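Look at the two complexes coming up: chain A is in both, with chain B in one and chain C in the other.
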Partner chain A sequence: MSVTTTTTTKLRQPRPALPEWTMPAVIWVVLLSAPLWLSLVGGYTALASHVVVMALVAMALNFLLGFTGVMSFGHAAYFGLGAYGTGLTLRYLSDSTWFAMLNGILLGGIAGTLLGTLICRRRGVYFAMVTIAFGQIFYYIAYRWDSFTGGYDGLRGFSRQPLGIGPWTIDIQGNGTLFYYFVLAVFAVCVALMAFLLRSPFGRTLIAIRENQRRAQFLGIAVDKHIWLSFSISCFFASTAGALYALLNNFADPTALNYTISGVIVIMVVMGGMRNFWGPLVGAAIYVVLQDYISSMTQNWMSFIGLLFVMVVMFFPSGILGMLKRRATT
Partner chain B sequence: MLQLVLFNVTNGLIIGSFYVLMALGVAMILNLSNVINFAHGNFLALGGYFAFIMIPYTGFWIALIVAPLLVALLGYIIEQLMVRRVYSRDPVYSLLLTFGLSFIIQDLCRYFWGPNGLPLTVPDSLSQALSSDLFFITGYRVFMMTIVVVSVVGLFSFLRYTRMGIRIRAGTLDLDTVAALGINVRLLRTFNFAVGIYLAGLAGVLAGGQIGLNPNMGDDLLLPAFIAIIVGGVGSLTGTLLGGLLIGVASALTTVVYPSAQDAVIYVIMALVLLIRPRGLMGEEGMFT
Partner chain C sequence: MSMLEARHATKAFGSLVAVNDISLSVAPGELRAIIGPNGAGKTTFFNLLTGFFPPTSGAIYLEGENITHLTATQRVKLGMARTFQITEIFPELTVHENVRIGVEAAAGYSLHMWTSRADAVVVRAGIDEILTLTNLTAKADRLVGELSHGDQRAAEIAMALALKPRVLLLDEPTAGMGEQETYQVAGLIRRLHKNSSYTIVLIEHDMRVVFNLADRITVLTEGTMLADGTPQEIAANPAVQAAYLGTAE
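Entry: the complex of A and B
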């Protein structure tokens, strides 16, 4: 009797579980210290800013895909609108970076909110299909209206301006590291907002919809309205990322609006781990670094990226964080 | 003016018939297997390129028959190796998989045949205009329309009158019941996928003769195909057919009035349909939502 109990306790000896804050703590330490060690491993600050920007849009999508269970394949549109809104304001209207960002965020967010009323009439694969199709509208507008948007060549002729905060100005224009911290600060605010929303009763309702839409409906939850709200919120965060993207490159190009980028955003989410809050950040980091590396090595980078898509789907469907989590629990 | 309108209606029907061939293939795969095939446009391009390789050796006619079959064979292999494995998973995976395939095929086309356009030679007997008044109606265009009509009629009668076709239609309504009746659903889906890809390959050969070949030639047809499906009504192939022709003609007629809106008009149509009749023109209430 006693023998069997000792063996079972030996077998079941649980791995000491890491406290829940380990993951965010590690992530923030890495992100905050990135400019210090990045050059040692062959990176550069603009690459880090790029990772954070893409992580933000991927997390915005994950709000919808991972936590509401609705698949948008058109988030590039709202990302790109954020970029164009910011770029156009800086170019034609004003030299205030704040005002430009605000315009970009509003442009993408409001467009998403309005189109969302139509898009949310469909579910499942068809939801994805409608998001793709509507997303392409803005691509064609940016592409055709070249006197205003720069057309195929993209919108140039603007640059991010030093930030004014009260009596101080922060020179994000000339100093890449300061700009990186600015991006990180915006990222932190957005991530905190998303985490707050997901922990609120509203966020719990979204997760209930993800788990079982029909049951949620029987419980009296207004499913359509919640999906629409989640879609709109997600679009606002995506366009925030877009605004940062325009500031990062001092350039907005129509390919940022194309559905190809939507696919890239989805693969970041899936590669890192859907349903995991930090998954998209990991996915975005891997994707951006890999793409930067491969496209400097070969002209046929598209094949490699395509292969990456196929491999992720076939062999790592739960994503990196999903796999780590499963390994930790079993 | 009449001639101008006629000219554009003809153009609209031609482009619409490409949308139809493309959309019917996408819709068949979507209806039965719930997979949005992003690589459909790239299979179309492959059809054109296969014909391009074959024409110097076999001539146009044999290429027209064999090239789409080769593309269908390739589709069959890809389905067996990859797509089949994601049917039972969340639709996001099938989307990503076909998305990745689309990248790979497009890049391979660029690698083998170059980024620039290539002409696909059409027999002389087809390339003359039929009359000088209606210069825009060339023999090739008539021929193309005939092929499209024949294949659409063929597809619909296959789905209506053959055992396999009836099973496919039953499967789009309720796959579980079809499986419970002892029908090999796996085989059904594979066959259905190959038929869809065949249509893409055929459209590729025809389109190559009209507009030439380039690695992204299918991409411009993919989005209109999606819109044709949404407008026509998900789950209804007749709807898809009408939807494709409708947006083709609508965008061509817009060209007469306001050329820069020719892309936009099809999105306006889609928005209107979703606003007024979310299930699409021929879609059934409550199904596939």
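Entry: the complex of A and C
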């Protein structure tokens, strides 16, 4: 009798769970070492920079979608405003990359904060619809205002300038690897801020709102105010990614503001795993890399990504990282 | 002065008058049960008290202060905490986290983007106290969604207690429970009432729970108040027996 019991307990005992820092440790090792091995697998540094930029905007959206439980289909607007703010500053105002980024971040972030006061009065599908509607406004402004924004052709005629830090200058202009590490540094700061916020009472309250708005309301939590703050914070990080995007391509095009990009960001989040802090990074990496490889072979690359997306949603509804995490803990 | 009072509270949804001219007064430290058949307007009346929606006419007072025009969230801040007929919790968070969110909300930390060490100590102590009071300490690290129905109820009550309420409103706390769980939750309510002298308003279907716990009972039928009195008075009231208790036998 006792023998049987011990065997069953042994069988039922879960595999020892990996410590919680395993995931971030692996991710940072991969990101930091990417320029060393990327060319061996057929990649290139600008592709890695692109992955990190898209990962940042996807993680920004996940702050809202995965950790506050509110769906925005208009994040391209704040991403695009970040890109245009940066590009326009470099083109017309200044050759300081820092100043240009600051302008881009403020333009997208403040636009999100102000529009958020209107958007956050709605809930559910109406919230999502209003985010699209406001997002499209900026797309049409950039599209129509030829003389200032370059219109349909996009904004050209600027390029990222070497970074001045005190007496030193970092040549992110000519050296792609240095630029990658610059993007990664900005990403690290943003990610650290998001993680810090999510561990605070404010972050826990956001998760509470995601879990049950009615209960949150009857705990005396100002639900609307929290959603608005979460939206604003998310927009600031999205516009930071947009600023980096403009610097990466030395170009800002109106499609970056279009709701199709908003959809791509949502796909990255869902595919990688929303509610999972690092999920959107995995989603962004898969999306950007697949796009790069498949689009060199066929124009119909989107059908392949669509197929993969459908399969992920059907078979791993918690996303690729969510699925891996479940495997690791059970 | 009464702790919680309704004066001529009325709520109409179109031509349906769900709550019709109900006045009642709950004394500090009292345990008031509201009973009545399905559709009597008990939950609607609760929603008027807690500000889930405004009354069509009439007024609600908390310790003499007119709170009729305050929102649900504002009433919570004044000390009204409630539970729902269908348990409203944060299912994917642990018991500890559920209570913690309540404690932090009550302390006004919900918008704080960092926690000082002193704050953390206060929050920690608040959580431990409530978990002990509700017998949930051993289950603190379990996800609330994975607990038994009875324990989920206890967790919901724990969250309400985290708000340090002046009035605790419980909507059918033993609904859908077996013997053992009903006994467990009734025991918790009794402790809160007798040992911690909370003012409690309770909607309940289980007559044993009602007659064992309540100081006073209010009987509603079809949106109106049929009777109001001590358990002895209610048990002896012929109108109540005919309209309500009679149908149960």
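Going forward, the second predicted complex is superposed on the first by the 325 of 330 C-alpha atoms of A that agree within 3 Å, B and C clash if a C-alpha of one lies under 4 Å from a C-alpha of the other, contacts with A are read in each partner's own complex, and residues count from 1 in each chain.
We adopt the following convention: a contact is a pair of C-beta atoms (placed from the backbone, for glycine too) under 8 Å apart; a residue touches a chain by one contact, two chains touch by 3 or more.
Keep in mind that what you see is a predicted model, and the values were worked out from it rather than measured.
Participant: Putting chain B and chain C onto chain A via the overlay, clash or fit?
Facilitator: Pair status: fit.
Participant: Once chain A of both complexes is superposed, is A:200 in touch with chain B (first), chain C (second), both, or neither?
Facilitator: The second partner, chain C, only.
Participant: Please indicate which partner A:215 is in contact with in the superposed arrangement: first for chain B, second for chain C, both, or neither.
Facilitator: Touch status of A:215: second partner only.
Participant: Tell me the contact category for A:155 with respect to chain B and chain C: first, second, both or neither.
Facilitator: neither
Participant: Go through the superposed model and pick first if A:132 touches only chain B, second if only chain C, both, or neither.
Facilitator: first
Participant: Vertex at chain A, arms to chain B and chain C: angle between C-alpha centres to the nearest 10°?
Facilitator: 80
Participant: Is A:312 touching the first partner chain B, the second partner chain C, both, or neither of them?
Facilitator: Once the two structures are laid over each other on A, A:312 reaches chain B alone.
Participant: Of chain B and chain C, which one touches more residues of chain A?
Facilitator: Counted on chain A, the partner with more touching residues turns out to be B.
Participant: If you've got the overlay open, could you tell me the nearest Cα approach between chain B and chain C in whole angstrom?
Facilitator: Superposed on chain A, the two chains' closest C-alpha atoms are separated by 10 Å.
Participant: For chain A, which residues count as touching chain C in their complex?
Facilitator: 196-197, 200-205, 207-208, 211-212, 214-223, 225-226, 229
Participant: Using the touch definition from the top, list the residues of chain B that touch chain A in their complex.
Facilitator: Residues 30, 34-36, 38, 82, 85-86, 89, 91-93, 95-97, 99-104, 106-108, 110-111, 223, 226-227, 229-230, 234, 260, 263-264, 267, 270-271, 274-275, 278, 288-289 of chain B touch chain A in their complex.
Participant: Quick check on the complex: what are the chain A residues that touch chain B?
Facilitator: 65, 71, 73, 118-119, 121-126, 128-130, 132-134, 136-137, 140-141, 144-145, 259, 263, 266-267, 270, 274, 300, 302-303, 305-310, 312-314, 317
Participant: Given the complex with chain A, which residues does chain C contribute to the contact?
Facilitator: Residues in contact with chain A: 50, 72-73, 76-77, 81-82, 84, 88-93, 97, 100-102, 104-106, 109-115, 159, 162-163.
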